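Structure first, commentary second.
As written, the chain order gives the labels A, B, C and D, with residue 1 at the start of each chain.
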Amino acid sequence: MDSVVRFRAAVCLLGRFPALAGVDLDVAAGEIVLLQGPNGAGKTTLLRACAGLVPITEGDADVLGVDLRADRRPVRPLVGLLGHQAGLYDDLTVAENVRFWSKAGRSQRSDADAALARLGLDGRLAEVPVAKLSAGQRRRTALAILVARRPRLWLLDEPHAALDQGGRDLVDGLMADAVAAGATVVFASHELDRAEAVAHRSVTVAGGTVSGLLPAPLAEVPVA
Amino acid sequence: MPELAADSMLRDAATVVGKDLRLEWRSRVTLSQILPFALLVLILFAFALDPDRRILEEATPGLFWLAVLFSMLLAIQRAYAVETADGVIDALRLSDLDPAGIFLGKAAGIGLHLLVLEVALFAGVTVLYGATPRGYLLLVATMLLATAGLAAAGSLYGVLAAGLRVRDTLLPILMLPVVAPVLIAGTEAFSAAYAESSGDGWKWCGLLAAFSVLYLAIGIFAFEPLLEES
Amino acid sequence: MTSPPTGTGAGFMRLHPDGTASRGSRILGAVVLVSVVVFLFLALVASKPDESLDAQGQLVRIMYLHVPSAIACYTAFFVTAAASAMYLWKKTMGWDALAASSAEIGVIFVVITLLTGSIWGHTTWGTWWEWDPRLTSTALMFVMYLGYLALRRAIIDPVSRAKQSAVLGIIAIVNVPIVHFSVDWWRSLHQTATVASLDPKINGLRLLALFVGMIVALMLYVWLMMHRFRLAYAEAALEAKGLDLALAERRAEALADGGAVPASVEHEGVS
Amino acid sequence: MVVLAEASAWSYVGLAYGVTIGLLGGYTAWMLRRGRKIGRQLPAEDRTWSS
């Protein structure tokens, strides 16, 4: 099975709002796929749906061999999601956050320490409470947690946002490393120049549907 | 590696409670805000009732547990405020942590905070109201059992209210009728412990124990769907 | 009240075209109405005042309301819990609508139980409220289910609301006996006349009045449930209707090439 | 036990019956009215009970 993500006419409701209105999407193993599209197009929801956080109410959705319609929980330990919010405890230090979350993800402490080093957080910053960090440093901390957990599918929502030049290069490096290690990456970005350079292909998300080069034309989606 | 479900549940509980204690150590919200509030409640009771020690002394068991309930609401709100800020609750759902383990860990964290509050409140009623207990064993047993029940119910109702915009106002109305039996049993058991003979006190401890076991069991099974939807 | 332009049936069986009535509910409604009249006759006219030792006199008539409404509210909350459990098992919105409807009607019956108990209490104790174990635990139950209804109002997402309130609906019924026991033990320390003390002295026509009262209360509960459930069901169906429209609109956005995006979509990540 | 005059007892009984009938009647009226309002917005084929 080479398909990591396979969505067919997937509908996802946030309250009464159809954030995804019939998505067709295929991502093969080892790909880096860029989601582009205007704000509110459904990129964030698509990533969260892949992570098994939001329910798919219609259509088919299969991620890493898990049928999300049947039970979306088993996919969660297998993916790493970098969302708009970092998911950090403000009063704990950078190192404490990374260690807690990697322990919660069944990773070793050595993985956590290696991840801190990889993101350049092993120095003085490691002992600083997260509340005192800048937006970019929070982002790095969240990325360190992802690195420590070694997910099979990376789901990154605007990974370049709030980062400086060095940080952005680091993110691109992380994506390349992840794919080299056999993982798959799906990410959303507005910084198309940088993102298209690193992505293998890009798809456009609009109005809760996906259109792209491969393999699902919008025409297949029944438009009322 | 095959692993017993109970083992991973307890280990996850330990991870969560360890994190919560570290959070308290760094932020000191309970020690510097909730604890003073609890003691303030004792002083306000004295203003409301009478400076006459006799009335306060007689009412000590009830006032003690009322102060515990009020501070408990703050402790629960604090315990789940840290889990809902900054998308942490998503991270919890995405983690490998057993939901039952998270429930027990949060309950243990709330329980430990409550015990600290209760010790301080006990010192408070002893000094301020001049109440001296006779049956220390009954007193300690009541505190431990009541705390377990309050912590279990608090952990459960805390996550129920956690994701809502109206959580601060909804939590008390959901929580207080449920823990009313703890208030009754705790007060009656304390009355016995402060009186000459501990008489009916142990019967009330039995009720507290049943309450705790029941809510721990409900929490272990019901926490998952609640965490999923909050 | 103008008569409906269309509608099925004739005479009293004519149903409002938009309403929640059906043939079944109309027939049951007629039966309830007749039974209420019979009940009122039995309760207020036919049955004699209580002249026994420790007599209640005319006040015993309040019991014909108090006890049946208490039974109806316990039934209602039990149905809420059962429907909640069924929801968690089957995950269909019908069970959620049933649980919600039953809880709301249960709250109405609790209020009646409390008010009639308090009115009776005022004649006996001279105060509107006495810490009678039954009344006190009923009052706590009342607040508990107000909390249940408040939780339902606080959650917008239908699935999330159904799941969370189902859990609460089950916990609430587990709570009822605990609260009841603890309050019972608590008050047994200083026992006074209780609402319960009346029960054994009811016999003959008085017993019949009480019995008919219970039947009427339960029938009334079923009739109210038929309407309330349909109302809840219609509301859910209406929500689902809006959904098809929203889906079409959402897909149209994709075609409207860079069209304006509604501001409400901005923070879609927050669930 | 407080012994009440007959008339006074009847006024308590009347109060209890009045409150009960008032509450149930009010709730029923609200429910039926709302049922019609919601029903009007729903196509007849979705009101499975009114056939």
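Heads up, the rule we're going with is that a contact is a pair of C-beta atoms (placed from the backbone, for glycine too) under 8 Å apart; a residue touches a chain by one contact, two chains touch by 3 or more.
Because the structure is predicted, anything quoted here is derived from the model rather than measured.
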Touching chain B and chain D alike: which chains? C
Relative to chain B, largest Cα-centroid distance belongs to chain D
Which two chains have the greatest number of C-beta pairs in contact? C-D
Between chain C and chain D, what is the separation of their C-alpha centroids in Å? 12
Between chain A and chain C, centroid-to-centroid distance (C-alpha), Å: 46
From the C-alpha centre of chain A to that of chain D, how far is it in Å? 55
Chain centre separation (chain B, chain C; CA means) in Å: 32
Multi-chain touching residues of chain B, meaning two or more other chains, are none
In chain C, residues with contacts to at least two other chains: 157, 159
Residues in chain A with touches to at least two other chains are numbered 53, 83-85
Which chain pairs here would you call touching? A-B, A-C, B-C, C-D
Using the touch definition up top, name the residues of chain A that touch chain B in the complex. 51-53, 76-77, 79, 81, 83-93, 96, 100-101, 103-106, 129
Enumerate the contact residues on chain C facing chain A in the complex. 156-159, 239, 242-244, 246-248, 250-256, 258, 261-262, 264-266, 268-269, 271
Under the definition above, what is the set of chain C residues touching chain D in their complex? 8, 15-22, 25, 40, 44, 54, 57-59, 61-62, 65-66, 69, 105, 108, 111-112, 115-116, 119-120, 122-126, 193, 220, 224, 227-228, 230-231, 234-235, 237-238, 241
Can you tell me which positions in chain B touch chain C when the two form their complex? 156, 160, 164-166, 170, 173-174, 176-178, 180-181, 184-185, 188, 203-204, 207, 210-211, 214, 218, 222, 225-226, 228-230
Chain C to chain B touching residues, read off their complex: 88, 140-141, 143-144, 146-147, 150-151, 154-155, 157, 159-160, 163-164, 166-168, 170-171, 174-175, 178-179, 181-183, 185-186, 189
